[in-house]
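Structures for review follow.
In the two assemblies presented below, subunit A is common to both, partnered first by subunit B and then by subunit C.
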Partner chain A sequence: MKTSLIILFFCVTALMSSHAFSETAEEKGLAIAIEADLRDKGFFDYTADMEMILKNKHGKESKRSIRIKTLEVADDGDKSLSIFDTPRDVKGTAFLTFSHKIGDDDQWLYLPALKRVKRINSRNKSGSFMGSEFAYEDIASQEVEKYTYKHLREEQYQGQDCLVGESYPVDQKNSGYTKRITWTDKKEYRVLKMEYYDRKQSLLKTLITEDHQQYLNKYWRPGMMHMVNHQTGKSTTLLWKNYQFHTGLTDKDFNSTSLKRAR
Partner chain B sequence: MKRIENWVGQLVIKYRWLFILGLLAIALMSASGMRFLTFSNNSRMYFSKDNPQLQALEALEQTYTRVENVLFIIAPKSGNVFEPQTLAALEFLTEESWKIPFSSRVNSLSNYQHTRALADDLIVEDLIRNANALTNKEIGDIKAVALAEPMLLNSMIAKDGSVTAVNINIIKPEDSSYETKKVSTAAVQLKKTMEDTYPFLDIYLSGGVMIDSAFGEAPVRDMRALIPLMFTLLLGLLVVSLRSVMATSCTLLVIILSASTGLGLAGWLGIALTPASANAPVIILTLAVADSIHILVTMFHQMRQGTNRHNAIRESIRINFQPVLVTSVTTAIGFLTMNFSDAPPFRDLGNIVAMGVLSAFIYSVFFLPALAAVLPLTTKQDNHSQSHLFVRLADFVITWRSPVFWSMLILIILSTTGISKIRLNDEFIKYFDRSYDFRVASDFSAEHLTGLEIIDWALESGEEGGINEPEYLKTVDAFAQWFRSQPEVRHVYTFTDIMKRLNQNMHGDDPAWYRLPEERDLAAQYLLLYEMNLPFGLDLNNRINLDKSATRMTVSIPNIGTAGVLDLERRGRKWLEDNAPSMSTYGSGLSIIFSYISARNIRSMLKGSVIALFLISLIMIIVLKDLKLGTLSLLPNLCPAFMAFGIWGFFVGQVGLAVSVLIAMTLGIVVDDTVHFLTKYQRGRKEHGMNSEEAVRYAFKTVGSAMWITTIALAAGFTILSFSGFQINSHMGSMTALTISLALLLDFFFLPALLLKLDQ
Partner chain C sequence: MGLEMDGDLSLQGRLFLQDGAFSGQEDASASMAANLDIYHDFTSDFSLTLAAFYRLDSSDSARSHGDLREANLLYLAENWQLSVGLGRVFWGATEFVHLVDIINQTDQVESLDGEEKLGQPMVHLVIPKEWGTMEGFLMPWFRERTFPGENGRFRSPLPVDTDHPVYESSSEEHHLDLALRYSTSLANSDIGLYYFNGTARDPVLLFSFNQAGEPLLSPYYEQIGQSGLDLQLVAGEWLFKGEALYRIGQSRSFAATTFGFEYTLPGLGDSLMDLGLIAEYVYDDRDNGWLPTIYDNDLMGGLRLSVNDMDDSTILLGVIKDLNYSSTIIGLEASRRLGDNIRLNLDASFFLDISPQDPAYSLARDDFFSLELIWYF
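Moving on to the complex of A and B:
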């Protein structure tokens, strides 16, 4: 990705020279995204356990538990494998994703009852992930190239100095959103809050992340992600546990054979 | 009482300017509350919070999200949906529909998530993409899929492929009229855009939001159309009966003040106008005019006899104060008992009219005479010929008392038997006549696709993930098939169809596998795979609950009426009890709760009607100071409503919500004529020592003409209400007009004959 390296270089220089020349809001927005991406580079791989708690408007709950494995890919999007442990009817079902900086991601689902791997139409990335308020596109690897950006302002959020900016999906036809607004803290470049706007430009959902912890003295991960759908009143909470970095995962752990023995 | 009446007359003359200006100021202050009036546009306003059927519906909505919808119905003029330009238009409309405010889901033929097998993969994608580039063969394939798919057939595509639809689900953040307006405006705008861009299409707009919008439109339309008509009519009546431009203007002023006081006070009290309560002004105008006529007619009568104007006014107040007070109070009581209704709009109507009627009393007794005292009122009125006519009528009744009595009795009994022919019907769609676009659209939709009448079934499996249990799937499927075999059912939406289709897809699209999966985990994993493939806004969250323990089945029926809906629901419930007792539940939906509305309201109003009857009879007894006469008055007061029901039963048959308030409402009105007739009869007997024949003749002579005029005014006023495009109002108008006319008939023939028979 030569061009992106050039852009990256350009923007990093721009950041370092600290406003030596004036940049547009779009340039600044992109620079922030690149900086956030850069700070997470080099984690190689990690695994984690996730509990997903679905809540309807009236507080009724349903839970799912999922194990996640992620592998960093040098010049493309990350690879990730999700293994479903509960509900029991889908135990052993595994979901494999190769995200790409440009173009549609590749996705497969392994169905243990059928003992077969099925490809998923990733054009439909805007749909709900396991009935939750998270769309696939919300939890997929957030590659810089998938959005265009615009910096809005700086403001305090939860006592932290934050950069507030908009991002717009490049693939407008298949995204469920027209725009997202992100609150990124200035110190560590963690996304603390994100608002999602739907096709009619109204606020659809808000994501709030909390309990951030730093791993290997570099990589920040949230312990809790809470997504509220303002239109339906439903919400989903993701609780993350047991983050482990540098576990020695390789490409071999992310192919169709690995899917079948994922349980 | 006598002292008060004299004192009021003196006071009004003495402080006439104070009364004129003071009451005018009070009227304006009350009327200024009209600026707070809002129009409620919500089909659920007819239900109180503790209505059990509404509560059941709301419980269902808590699980699956309360949704309303906007439905575009598209009929290409060519009669064939499967043409590239129509499919392209459909694709465009589907895209644009996402931009309608508060839309949460858009379903159409084009974004139907068609599933198929491709090699070993499951492909889930829009049925129609880039319609303009489709080949004839591809369109043929699309047509074959659409007409074979039970999810689409009769719901999104007509059997003959001539009509299709786009359904938009709306989730309003709050239940306010502002939001309904916003959605319906956007929908109408989009319809216009479509018509301009694709002139070869006929487009209709229906759906729950459009019904709500029509509920909001109805009162505005009624007020705009009926009030001017009412004024014209009253103007004519007043000119004819009063023969004075000045007196007519004064009367119009009084009734306008009364109506705007009633409405203004409603505004101050925060009452929102609904299609029912918006007719309060028409009713107030009708009722208020009688008070003024009584006051002015007596005054002119005195003046013609040579009394000077101030004395004539005093005398008129002395004579009329009591009857006008009594008739106003009884009318107000009748309307106030509408508070027993389960439907809040009727409570509002009752309260607004009661306030208007009582203010009409105040303006007629304090404001009108004061105004008459400062204005040069004269009349050319001559009642002589009319009273002569009523003396002849009296002679007729006296001569033929027995035949008259018995024929009236037979008439009462005969007409009342028609009550058995009355059938309650509350199809909320038919509340609106075909002058409403949405009614035309709904009829069209009911003819070619599904109607707006649906019954929803929340089917519980009893455990988390239980909807994937083969036993559960089989039962739900059997239930769906049972519904499909019922003649009145047009469409059944059940998630078991998705399951069968997925099973087929997973077996290389082999039609032999179009059946339910037989293992629970397999079903669950198919479903997971399918759900992972669905795009934004097309998930199954409106069909399957959170922990996958229950699903929702929707049965659509073209508008078949209350009895049909209730019967189908009862049979469905019976099927569940017989075949799946653990799932047994009630069907729910707007059609269901409207189907119960009349019966429920009749029950709730029964108490109100009894109380009204008791209070009004008590007032009659007190006023007449005669237990026998007071009790006797029950007959001519109560019979007209029953006769009206019966005649309605013979000639119309179907009746809805309006019927529930009829007795309470008309009782307070028809009692007026009885009061007038009986007081005069009694005065003849007691003050003038007449026998019953002479007293009947005296009563006819003195009040016959006034009763005639006021009844015509009232009947005409309520007949105008029957021109309303909103069925509840038009029924209420016709039935009330009928009741009032029958009441006059009974007061002229039955009551005197009865008196003659009993008082010999």
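Moving on to the complex of A and C:
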């Protein structure tokens, strides 16, 4: 009798707790996105060199080298400055972006031949970034608020336990996607793979990230990002080098004055 | 860090579709140009920039010319920066007509669009603040505008006597020009306001005679005060752009404005191509016989196609319609990369139904194609 009471008690608490912790797939998806974001908080700033290799379906290649400076902004999206070194005809061209958690990002383009700063339209999220398979929305600062989420399942990917979930752009009108499916590793919350579905719900692109390295014992960054467009057969590979964190960048390195002397 | 050196070499061929309106004008020309850029940072806050340019032209001796586009030292302090030497500054927002851009003189022999500029000697102080950026300019030496020579196209009916400029100021080209500018970026707009006091960059062309008694045009540079405004505003898919100026000192005071929008259609027909639709208008009150302008009351429309391919192919088609006269100007700019280090540019302009009253009449027979190959090193 006593034993069965105890069993009953356990059953009730188990039932209650399972009810209390039974989050919906949407809640779990959001929780995973928040956790991934939290693990990358506090990096302050970083600089890195990126090589972008464009390949068409015939195997023809074209390379761009870009230097990137990023500043973390408390309570809003990051500020970033991208400066082109090659191809030579666009050397010195620079993009300044203030990303925002809510609403459109602010974006400026600096054209060195004319010494001209142009405001550009960030609504064009689905547009190609410099002819690559990465759209502006893929390279923009990935703020939690820009998507809604749904956890799907857990599965092994490349020998790692992964959380698989869908995310849907909040700005459905201007995004090129209806959904993205993300494979995030359970241990470090790094995005290892992402599938992009176009407006007709068909698979458009797949992103694979590799060679992850940890900086300052906290921040993980991929050394390689490979994006394949399944519909055109074209691909773009980003190779990241020379990551440096806490370099002392401030707001003053991300304004029109610094954009005009970017090099 | 350290020394950086790069540049480009280009070959340009221009073909004119009709004989020139004036005797001796070229029908076709070839030219070769070079740019050399040197940058050196002595320390993280002190650097030198040099940009030299030279062109050799087969038929217009005035177009064979060189210039130091930049030769300046830049010092970065915690809260300000100062550059001293020859520099280049652009002010403006619109695509077709650049009304408010005034610091640098136009290198008119280089291109019809007036976007090529001569290096301006200046002391340039920049103070960025949270509420905006203040800039001050001291310009101790004036640069004269370049003009096509007698054999060149895009020229006035009489040749311009660039060897004997005339100045209103008794200090001539040594008049100390001043400019102050305030600019700021708000959430969805960029605004610039300035005041310029000094020698007008655009001369009045006075009818005169040379020593041999032949008629020609003498450039006369007056002293002006000019207030200017430029604005870029983003609203969803729309980009609104505007410029305005008010100038005193030349015969009579006048105002001018240009404004318009650019609307982008992304991913044209499920491709990566973007199509930009541009519409602008310009109204300029300067022309009373003293300072003619071809952009007095004109409507402009443009299509900008960005193919977003590996070779960065772009095509820009523009039409300028004069609302006072019958004149229409059509311009085409197409460009793509060839391989990694070469760029190919095809430009064309057509002057249709140009009215004899229109200051653009001297260009009426200058329809042309230009092909340019630039090799970057």
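For this structure, a couple of remarks:
Definition applied: the second predicted complex is superposed on the first by the 243 of 263 C-alpha atoms of A that agree within 3 Å, B and C clash if a C-alpha of one lies under 4 Å from a C-alpha of the other, contacts with A are read in each partner's own complex, and residues count from 1 in each chain.
Throughout what follows, a contact is a pair of C-beta atoms (placed from the backbone, for glycine too) under 8 Å apart; a residue touches a chain by one contact, two chains touch by 3 or more.
Quick caveat, the model's predicted, so the values are computed rather than measured.
Superposition note: with subunit A as the common reference, subunit B and subunit C are in steric clash. In the superposition on chain A, contact of A:R261 is made with subunit C only, not with subunit B.
Once the two complexes are overlaid on the shared chain, A:H58 sits against subunit B while remaining clear of subunit C. When the two complexes are overlaid on their common chain A, residue A:L109 makes contact with subunit B while staying clear of subunit C.
Shared-chain residue A:K252: touches subunit C; no touch with subunit B.
In the superposition on chain A, contact of A:T93 is made with subunit B only, not with subunit C.
With both structures placed on the common chain, the touch criterion links A:S128 to subunit B and to subunit C. In the superposed pair of complexes, A:S202 makes contact with subunit B only, with no contact to subunit C. Which of subunit B and subunit C touches more residues of subunit A: that partner is B. When both structures are laid over each other on chain A, subunit C collides with subunit B only at 495-503; the other stretches in 153-161, 351-359, 387-395 or 495-503 stay clear.
When both complexes are aligned on chain A by C-alpha atoms, subunit A residues 54, 56, 60, 62, 87-91, 114, 116, 118-121, 123-124, 126-128, 130-131, 176 touch subunit B in the first and subunit C in the second.
Residues 62-63, 65, 98-104, 120-125, 171, 173, 464-465, 468, 506, 519-526, 528-529, 531-541, 544-548 of subunit B touch subunit A in their complex.
Those residues of subunit A that touch subunit C in the complex are listed here as 54, 56, 60, 62-63, 86-91, 104, 106, 108, 114-124, 126-128, 130-131, 176, 252, 255-257, 261, 263.
Residues of subunit C that touch subunit A in their complex: 4, 6, 8, 39, 74, 81, 88-90, 92, 115, 126, 128, 133, 183, 185, 187-190, 232-234, 236-239, 262, 264, 266-267, 272, 274, 308-312, 337, 340-341, 343, 374, 376-377. By the touch rule above, subunit A contacts subunit B in their complex via residues 54-58, 60-62, 84, 87-91, 93, 95, 107, 109, 111-114, 116, 118-121, 123-131, 135-136, 174, 176, 198-200, 202, 230-234.
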